[in-house]
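Below you'll find the structures, each written out as structure tokens.
There are two complexes below, and they share chain A, which is joined by chain B in the first and by chain C in the second.
What follows is the complex of A and B.
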């Protein structure tokens, strides 16, 4: 019995200290290496194939959902005290939690749709690699546990601020405090572990497109795109 | 890091205060766990050191003494304290032995007022529980992880247990008060060590929890289902919004051409 408990502690160290650092090292080294050696693989690889009917119901909800949810996690990590202050009124807490859940469900719906399309559409399936399927598996797990935690272990926005944020900061300060996460339910711990796994796997996948989102698009002047030929003439000839 | 600046003795004192006093006193009577005064006269030191290091394992091993302790604590299992070692356990026993010799130990228990709870206590306690009145130490409000029947709305959190009958379960203000002074469950300990609950806030919280356990307010049922429903309805609404917003989106060429031919 006591041996089992000791090994559980080792497991916690492995999952919440070794894994995160390993993940970040892999992430940094491989993204840089890949950018230097294989610059033009930095892409999401188009999967539209002149089809927007099904793709729309995957791509749009997924991206709006995941961007909002990720932004939420990031803000709660950055300014946990402000989140707690916002949550100090139950009605505001409920608004934040319901909003987060809405976007979580939206992410899940969108993701399941893209997954189904990728599987059932022959043309898309043919360009889907093993790495893509592994990524789909981890991401599905990540999103599903996220929604599960939001519903089953409420109120995540508050305890994220009090337990998860200090843990993440402790990692950043090179003084990992796993006491914050060790006692949490397994659904939450698996969500965290799968997040680190995603970070480690990230540079090997098409997810790298996130790093090269057309960032300048956000501030550059709008461009007018115009075909460089005269339609009327073409019609005559 | 803090241990570097503390002497070994202060370190043990602090460790005992933070990890043991929520359930134990030295000469102040039983809380959740037994009074530790002269504990070594009752039990063998080697046994105690083994027990302190891993209470759960001792109970699971079927040790009769450990089983007896478990019954006396009404089934509350002593948590395994983070950072406990054989050496530290021995130091704690030394501390207990030294404190037991004193007429009144520093650890004889929280000096909590015996005055009856007032209506104001209950109101403040409720506000502290909900979070509308922030805890002075900066800790998260109870609602983050706990619920009680009288919360209403979408209810309280579910990371920790429902506290509706906590007051009754821990048999009143002394035990629950000591517990609040230094919450020692594994989830709460790291958070509240840094952000302790102010002594002035304990009485109002006790008052509120007493009311909750007495009043027998029916549980706010369906708050979880309502929460999920709100999420699903909101997500569906957004899907319709997307559909409307991108109503001129490109949906393919062929279908439109075929329709045009009819």
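What follows is the complex of A and C.
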């Protein structure tokens, strides 16, 4: 065999140890700094105002799809044992897998619609930046490999619980165990690598709107009044 | 009683000549920017007409404002859970085509076109895409087009009129119109504030101005859908919503807002009102017919010692109370009762009031001189070319009594002044008219002066804002040295 510039082993370390840590460091530093210095840029940058018809068919399936899929990943990461136990019965396994696949395809359809709308609607294209297009590229790759994994490498919910979850936990515990991901098929590896890339790129894009979803809204008072002085602490002269 | 101060406005529609100077003054100062070209924080509409954005008064389609369901006040656009569920695609969001596509002209063509036999033209260019476009609508597209089947007939306020009343409105030589200038109403119960998922919109405690915190706006677009007057606008470039700020930087330095200052017809009045914030929700939940009266009762008498004491307790500065006592708005709304809120049935409790137009001038009275019979004169209000029921739809939530009161009083003032200056009506008769309109010669003169002879200082009684004292009330000002300023200074870029 000819001399390799970089061995497969090194490549794995680079992609599954260095990249994730790098991604998380970038993510944390830049989001926080951007929030502190450039709060104004935290916006979902909605384009519904410019194009209100196709918007629905892109945004709604995409968001509901990806939220469900991400929620699935998160649950499998948190409670892998429970997932494995649930999957021990084939019927339950099928139900889980089919649900995941449906929402994955929903995400893909919604996302493709969104991209088409971005490209073909003149007004919306004008408010699409280079960063948006790079993001679209990475996201499309991420969703497509995800759907491909769901179809081509069956029972992802089980091997996510047995392999990906312990790997992610090992990252979190600062004791990376790449042995969990090394034997996985290349499609899955690509999916993982692109996920870390996405996390690294996240703070430079419009994705930051995920971090400012309206959480106090459901609990706050209906009307908001801001005083330029504290009514309770007013000095009585 | 929770006494608060509110800077409020009166627009005297009988004086509006529809010159759009206010709109231009505002546009030049605030919205002459990319992403804001289509916004008209101040606009002037022709009524009957469809307005801007097109048919904004049709809440069945725009779903703005509040509704009362099971005795509870709720937003028409969405409830709280609905806002979260619909956050990815707002079903009640108007789009650019409901307003208009802003354009400029390719002026370069006029100079660069190759020499030829035809005259070079400057084609309209979209300010969004930069492509050539066909102009199909504009911010005052139906200007003066009252009576037109395309615009005036589609006025949402006609929906309830009988065919006879409609034909009355559109008969040739009987057509009628008036101008309807609009800015943000700086409501007491603003739907935009209530709808904002991010809590970016707020009402300023000290003067009631409704603002959008540009740093907290995340473009969820709920305010645009919720405002029934469509006076919050989405900036498509920065991804932030914007609205009329009542020129607060000018107000804080004692100047009238630009649209007020520039008003050629001097139709605009501005002053402080004191109101009871405790009762806002109760009033906003009342029956349609009771709304105007209840809204008016919310406004407190600034000369009442009890009100003054409560206001002081609440931190309202003495100078603001004094300003409220001199407020021209208080006179129009409370003392004289001739200024009415627009579309109070949206239940946002707007704090901009309109003196309804006494239209048309009675040309039918010309032959044989002016009719002297009071019943006849007031009867004419009933037979006015703009049916009272149409005006009442805009200024009375369908309740005609307040509108009739305001029109009658204005008519009586006209008769009284006619008697004083021309003399073809006897003073006795004019006084009879005044009594019938629930007014006196003294009040009539006051109304006349405030309407016709008002000076700048009569029209705008601007309270000192005391922003310097805001900090002093709390802390040692020296500690806050160098901390005052005008917010953030980065350019409004789109994204990072």
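Operating definition for what follows: the second predicted complex is superposed on the first by the 211 of 237 C-alpha atoms of A that agree within 3 Å, B and C clash if a C-alpha of one lies under 4 Å from a C-alpha of the other, contacts with A are read in each partner's own complex, and residues count from 1 in each chain.
Going forward, a residue touches a chain if its C-beta (ideal position, glycine included) is under 8 Å from a C-beta of that chain, and two chains touch if they have at least 3 such contacts.
Not measured: the values here are computed from a predicted model.
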Item to complete: With the two complexes superposed on chain A, say which partner A:159 touches: chain B (first), chain C (second), both, or neither.
Response: first
Discussion item. Looking at A:42 after the superposition, I want to know if it touches chain B, chain C, both of them or none. Which is it: first, second, both, neither?
Written reply: second
Practice prompt. Scan A:52 for contacts with chain B and chain C and give back first, second, both or neither.
Written response: both
Item to complete: Using the superposition on chain A described above, determine whether A:7 touches chain B (first), chain C (second), both, or neither.
Response: neither
Item to complete: Could you look at A:60 and tell me whether it touches chain B, chain C, both or neither (first, second, both, neither)?
Response: both
Worksheet item: Once the complexes are superposed, what residues of chain A are shared between the chain B interface and the chain C interface?
Response: 50-52, 56, 60, 64
Worksheet item: Of all residues in chain A, which touch chain B in the complex?
Response: 1-2, 5, 50-53, 56-57, 60-61, 64, 81, 84-85, 87-91, 93-94, 97-99, 101-106, 109, 150-155, 158-159, 161-163, 166, 175, 177, 179-180, 182-185
Discussion item. Give the list of chain C residues in touch with chain A in this complex.
Written reply: 80-81, 83-84, 87-90, 93-97, 128-131, 189-190, 193-194, 196-199, 201-206, 214-221, 224, 234, 236-240, 280, 314-315, 467, 470-474, 488, 490, 492-496
Discussion item. Quick check: in the complex, which residue numbers of chain B touch chain A?
Written reply: 1, 54, 56-57, 60-61, 80, 82, 130-132, 134, 138-141, 143-145, 151, 153-159, 185-187, 189-191, 194, 224, 227-228, 230-232, 234-235, 238-239, 242, 246, 249-253
Discussion item. Give the list of chain A residues in touch with chain C in this complex.
Written reply: 34, 38-52, 55-56, 59-60, 62-64, 122-123, 126-127, 129, 131-132, 204-206, 209, 212-214, 216-218, 220, 222-231, 233-235
